[in-house]
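My questions will all concern the structure given below.
As written, the chain order gives the labels A, B and C, with residue 1 at the start of each chain.
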Amino acid sequence: MSEFENVVFGNNCSLGKNINIGKNSVIGNNVVIHEDSVIGENVRIDDNTVIGKTLMKAANSAMAKDLELEGTKIGDNSIIGTAVVIYRGASIGKKVLVADQAAIQFKTSIGDFTIIGRGVLIESNCTIGTKTKIESNTYITALSHIGDHCFIAPCVATSNDNYAGRDKERFNHFKGVTVKNGGRIGVHATILPGIIINEDGMVAAGALVTKDVPSGKVVAGVPAKLFGDVPENQLLKNNL
Amino acid sequence: MSEFENVVFGNNCSLGKNINIGKNSVIGNNVVIHEDSVIGENVRIDDNTVIGKTLMKAANSAMAKDLELEGTKIGDNSIIGTAVVIYRGASIGKKVLVADQAAIQFKTSIGDFTIIGRGVLIESNCTIGTKTKIESNTYITALSHIGDHCFIAPCVATSNDNYAGRDKERFNHFKGVTVKNGGRIGVHATILPGIIINEDGMVAAGALVTKDVPSGKVVAGVPAKLFGDVPENQLLKNNL
Amino acid sequence: MSEFENVVFGNNCSLGKNINIGKNSVIGNNVVIHEDSVIGENVRIDDNTVIGKTLMKAANSAMAKDLELEGTKIGDNSIIGTAVVIYRGASIGKKVLVADQAAIQFKTSIGDFTIIGRGVLIESNCTIGTKTKIESNTYITALSHIGDHCFIAPCVATSNDNYAGRDKERFNHFKGVTVKNGGRIGVHATILPGIIINEDGMVAAGALVTKDVPSGKVVAGVPAKLFGDVPENQLLKNNL
């Protein structure tokens, strides 16, 4: 394991073929890095984490297709916590934090300076912007797009399947959620398939969002209704 | 580790006594397979997964009893993801997918072709039917029974203890939830102890279900009320 | 690994410097115990668990400060499940159960006889009392205080950031939740920042708690309103 420049490995690491790890990175114990992964410089990867996992295909999955996926990329100065799972075909930016027990699936990208909280799941085919926070245990469904400077509180649920898994027609309607730059979602909120939260839109804690959220507006309730304006001093443009 | 026919092991696997693994199975790195486990043919088990975990007994647990449990069984052609925990006394069918970071406890069975999503917890003493999907992060409480062709969306919560852990009387009333064949539950819904969702019953996203759901009916809201009928073209009998 | 008295280790364990493990403890496979950890007697730690993890500092974290943390402590007769993550600076009492895939962060203490359920996250700077149960998948935000004999059902969400991550002012307002002795919270409830649930207060399933809960009262709904009194026979003083 001396092929990399000044990289420290814990015990029992498993390294696949054709991987690269930048200088000064620190890899924990029992870490598995699969084939073709490219890890930047000064990256920290904690114990029991798996990088570059290959796709599982269920007999019964709506998402199972043959995919040609690139090796996982992790940018310089990022920190990957303990027992994280990152798939082949995921791309993580620079100075990102992916906290313990999170998972990031294939064809998903995470922008620079973003924080992915403990236990978070970001499914496949998502884009997450820069300087965004997705807090503990939140679930981002496949095909979602989260912008820059967004804040998604803990335990938020999203969905992409209005047809609830029945009827072949649903394959034409899978639609993730979209949160535009500066959008915010409160703790334990629920966001239905295809919903767009526009710039600086805000969802209150516990809300069930069934309609798009206008720019700069707050919605609250079950189902969520317009509740007011995001205060001027909370707008993204006044907090950059 | 050459005692099994054409089985591929990753690094650092730990194998207990008296286990069997069918031919052409592929076992990842750091996988632990405890005593008496029986793994079928052509099974994939990914990195850091633990099969056949023995019961933990808390000083203070409502469920702690001495149990004689059989070894874990995993059927042919099933896929078990990364960092999954499956207990001794669990039985997994054929062509099942158990996704990453899920857990399946003792005396629980999972039917053929069923998908258990990422991070899902299926507690003890549950039965899950065939061709059912339980999506990411959903929690199925002990003593629950889910039928065939059910769809349980992500982040659903269930419960089995109406007495909220106080008062010895509660030990007589633990009651899981029941979802009959073709029943469906929307994202982030909550299902109270003992509730029955009858055939083709459907719970809307975010609903709090405090009464049984009649066959073929949709319920919605907090608390959930009757909302309408499941459309004819969504009934299970028209989608087999 | 024979330096400890009658301690059994599984395969591939990694032990840091200056750790102690009491007699008759049983350590699973692939367990990582970092520097300065102190494990009591007759402790069970299951496969793939990490004890004594050091703090991760994100470029963009609200909590990142240099901390001098003591080594992790785990009391006698406690059981730590599979794939658990416990940070340096956490202190676990005696006869505690921390179930699989849970995480306990730094500067947090867990009292004797308490049960921390599967997948639970207890963040930093929390105190959890004795004989309390925190059930599967519940999330306890940083800076929270949970008393003795509390019951927190599965899938409960808490929060500590009323400013939703925007505006520097918020650093002065982070405030966890408080549950006083005998307080109870139902499945899938949501508790907002700074809320106090007083002695024997009870939150119904699915409630969104936006105001403090008076002692011995039940609240329910979204947002939660006073619903009635906790029955006399359910009061803590009648169940000790």
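The criterion applied here is as follows: a contact is a pair of C-beta atoms (placed from the backbone, for glycine too) under 8 Å apart; a residue touches a chain by one contact, two chains touch by 3 or more.
Just so it is clear, the structure is predicted and the values come from calculations on it, not from any experiment.
Which is it for copies subunit A and subunit C: same residues on both faces, with over half shared, or different residues?
different
Quick one: superpose subunit B on subunit C by CA and send over the rotation angle as a multiple of 5°.
Result for this pair is 120 degrees.
Between subunit A and subunit C, what is the separation of their C-alpha centroids in Å?
Using C-alpha averages as centres, the distance is 25 Å.
Multi-chain contacts only, two chains or more: what residues does subunit A have there?
Where subunit A meets two or more other chains at a single residue, that happens at 12, 30, 48, 83, 101, 119, 137, 222.
Using the touch rule from the top, collect the residues of subunit C that touch subunit A in their complex.
My answer: residues 12, 14, 30, 32, 48, 50, 53, 56-61, 83, 85, 101, 103, 119, 121, 123, 137, 139, 141, 157-159, 161, 163-167, 190, 192, 208, 222-223.
Applying the document's contact rule, which stretches of subunit C touch subunit B when the two form their complex?
10-12, 28-30, 44, 46-48, 77, 79, 81-83, 95, 97, 99-101, 113-115, 118-119, 131, 133, 136-137, 151, 153-155, 184, 186-188, 202, 205-206, 221-222, 233-234, 236, 239
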